[in-house]
Structure formats: C-alpha cells, structure tokens
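For clarity, chains are labelled A, B, C and D in written order, and residue numbers in each chain start from 1.
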Amino acid sequence: MIKIKFFASLREEVGKNEIQIETSEKLTIAKIWNQVCDGIPLPNHVLIAINMEYTNQNAIVKDGDEVAFFPPVTGG
Amino acid sequence: MIKIKFFASLREEVGKNEIQIETSEKLTIAKIWNQVCDGIPLPNHVLIAINMEYTNQNAIVKDGDEVAFFPPVTGG
Amino acid sequence: MLVKITENEFNPWKYLQNHELQAGKFGATATFIGTMRDYNVGDTVKSMFLEHYPNMTEKYLQQISDIALQRWDILDTLIIHRVGEILPGDNIVLVATWAGHRTPAFDACRFLIEELKAKAPFWKQETLIDDDTRWVANHSN
Amino acid sequence: MLVKITENEFNPWKYLQNHELQAGKFGATATFIGTMRDYNVGDTVKSMFLEHYPNMTEKYLQQISDIALQRWDILDTLIIHRVGEILPGDNIVLVATWAGHRTPAFDACRFLIEELKAKAPFWKQETLIDDDTRWVANHSN
C-alpha cells in the first residue's frame, strides 16, 4: 500500500487530501500522479517527497512508502 | 587652547592621559604629537580624532578643538 | 539543537532567555525573528493560516540544523516555527545560533532561515480585509 | 534609534522585549549579541576592563545607525554596549534591527556590528589567570 498526500493549494486543485493505493508494480512518482489525478497534468513547479525526503518525478515508489505532492513552500 | 587625549595602550606608552596646550599657530596633528610626545614617533597604526570625528595626521587643529590619539579599537 | 513546531503564540525573547549555554563558553549569539505583518504585496491582511506537513517539517529543520552544526564552528542552534491560525504581530519563526565568534554565528543563522524559507514544508494562506483568502505564491526576501 | 553605553550588566532579551514596534508593521528582527568568553587566543581570561572614549562612542554609534537607516529599508535600530569591569558570561554588545523583510534586517545588523568592531572607540584589557593584564591587540572575527 502506498499513501499519497497533497498539501495547500495543490490539495485544493487536485481536490484530494490523502489517498491510498494498492499496487504490485514498481511505479515512478509521475505514474502515480497520473493514476490518482485523472487528467490533471503534473505541474512543473510541484515539489515531491517520498517518506519526507525531497525527490523527483522519476523516483521509484515501493510498497509502504508515503508520497507527498505540494506547491512551493512559503514558511518563515 | 587645545585639549589632547590619549586612550588605552597608547595612554600607557605615552605616559599621558589628557593635556592642554596653548598655541597661536595653526598646527597639524603631526606637529601637535611631536610637541607633546617628546621624542616618541607617531605610531603607524594610531587612530586620530578631532572633536570626536576621525581624521588624519595632516589635519589642521584650531583653538578650542579636542584632539584624541588612540590604538586600534577592540570593542563589541 | 532544538527544533519545535508550535500551534501557540510564542515569546522569542523568553525562549532565548531560557536557552542558556554555559557562561564564558560562547561569545556570539545571532537571532532572526519573522513576525506577521498586516500587509503583503499591497494588500491589508487580517489573519493567516499556516499549514505544514507534520513530521516532515521537524525532520527537515533537524537536517538543516545538523548541516549548520557541521559546516560552521557553532555551538548550538534553535528553530521555533508557528503553525495554525495567526494574527498580525504574532511571531512566525525564531532562528538562533550560538558560537565563539560572530562570523559563524551570523552565517549559520542566515543559512538556517534561507533554507527554511526555500524548502521547509510550510504554506501560508492569507485572509484579506474582505474575507477573501489566498495562498501566498512565493517566499519573499 | 537607540544607542546606549552602560556600566551595568544588561539583559539583552529584556531590552528587546521592551523595545516594541507597532504590531503588524514589521516582519523581520535581526539581532546580534556579543558575550564575554572565559578564553581568548589560547589563554584563560578572568575578567576584562572595557575602556571607551566617552561621547565619541555614542556619537559614532549614532552615525552608523543613521547610515544603516538610510542605506537599508529598515524601520529601527538599537545598539547597547557595556563598558567598565566585566566578567565571563556578561554581555558586551547588543545590536538589533527591525524591517519589513529579512534581507535588509540581516544586512543592516551585520553592517552595524562590523562598523562598531572596526571603528567604535572601545578598548579591551584582559586580566589573565595569573592576574597579568594585557590589551587586546585587534578586533577578531
């Protein structure tokens, strides 16, 4: 099972907060996005984390991972 | 009358704290040093102020001025 | 090293006063505090909601604190960051560094706030005077 | 703008807490605190005497505060400097700047401490463990 989270404006654009998918294949981040965000192209500026570490859309996700998509950060 | 002050290690080297001189001439800082610090050459690193503003040894001192000589500063 | 995310208003000066290093062992303390303004890009802002990615924020702030402690000759670091609903005048972030000398203290403090601004997963949503809300688009300088 | 020379021990956090700007009008506060160490260039230091040039110190610190307020987009500055007999752990100097944004706050704060270190007429005389005294030769980094 893979847990997928969306934050801030991206959560609103995608209309999803958190979802879980079951998969037996090894998927890239980009494939996971396409699978869960039906029709919405992956935004250029999107930031991606696997298990709370920054990564990119070519990274491979494995069972048990937590994937997060979010817009540019604006803290501080 | 011109008031002349020495600070910190320079006060100890010169053996003077504060002295006053009367003069009718217009003197440069360098001449004042020679007049009051008999024989001690003006140190290269010395800092000089007239009326609490930094200046150099060629500045002209006028009656009523306060002249100060001091070593490199070490505050903060 | 201290990293803390808090939903409560915090007084940075009290945090600093209570974060005492051993007297005589440090010579320089550099701090930065970010405070909510009541204006942004030309508009009056009434309030702000600070969303974050729980656990990743702490993890990321600990990572940059580790990097700072390795890269500069500093003794300690502290980062406090507010989340949730906040009002103008409330403090958002406190970054502090302690060192023997001022150059590493300043450089590490600046590094921490720049890294935090660039990559720590926080997002600001402003509520304007007419109750419209908007996501802040980019971190400013 | 506040410039103050004091012979008394001071708590920088209390000064900062009491120096309140109007809530919502500032977004960034940068501070630097210099504190006496119990060591210097390899030796243990027992105490220190901070001599200064009365009136010129205040005048010079006001001049650099004026320059900072003109050169950067900042709202206020504060400089406190200790003089007289001091002990390890005592604070020597506090510099603080307030601004809308962090870059001018940091840059002006750094400018003030660098200018102070380079040219404000203070001199440190250290008393070592064997009661020998020595003038500190140069300002450090």
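Rule of thumb we're sticking to: contacts are C-beta pairs under 8 Å (C-beta built on N, C-alpha and C of every residue); 3 or more make two chains touch, one makes a residue touch a chain.
Just so we're clear, the structure is a prediction, and the values are computed from it rather than from any experiment.
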Would you kindly say which chain has the C-alpha centre located farthest from the C-alpha centre of subunit D? A
Just the number, please: Cα centre separation of subunit B and subunit C in whole Å. 48
Taking each chain's centre as the mean position of its Cα atoms, how many Å separate subunit A from subunit B? 71
Mean-CA-position distance for subunit D and subunit B (Å): 26
Mind pulling the residue numbers of subunit A that touch at least two other chains? 76
Taking each residue of subunit D in turn, which ones touch at least two of the other chains? 34, 102, 113, 117
What are all the chain pairs that meet the touch criterion? A-C, B-D, C-D
If we count contacts the way the header does, which residues on subunit A are in touch with subunit C in the complex? 5, 7-9, 47, 49, 52, 54, 68, 70-76
For subunit C, which residues count as touching subunit A in their complex? 34, 50-53, 55-57, 59-60, 81, 92-93, 113, 116-125, 135-139
Subunit C residues touching subunit D - in the complex, by the definition given at the top: 11, 13-14, 16-17, 23-39, 88-89, 100-103, 105-106, 110, 113, 117, 140-141
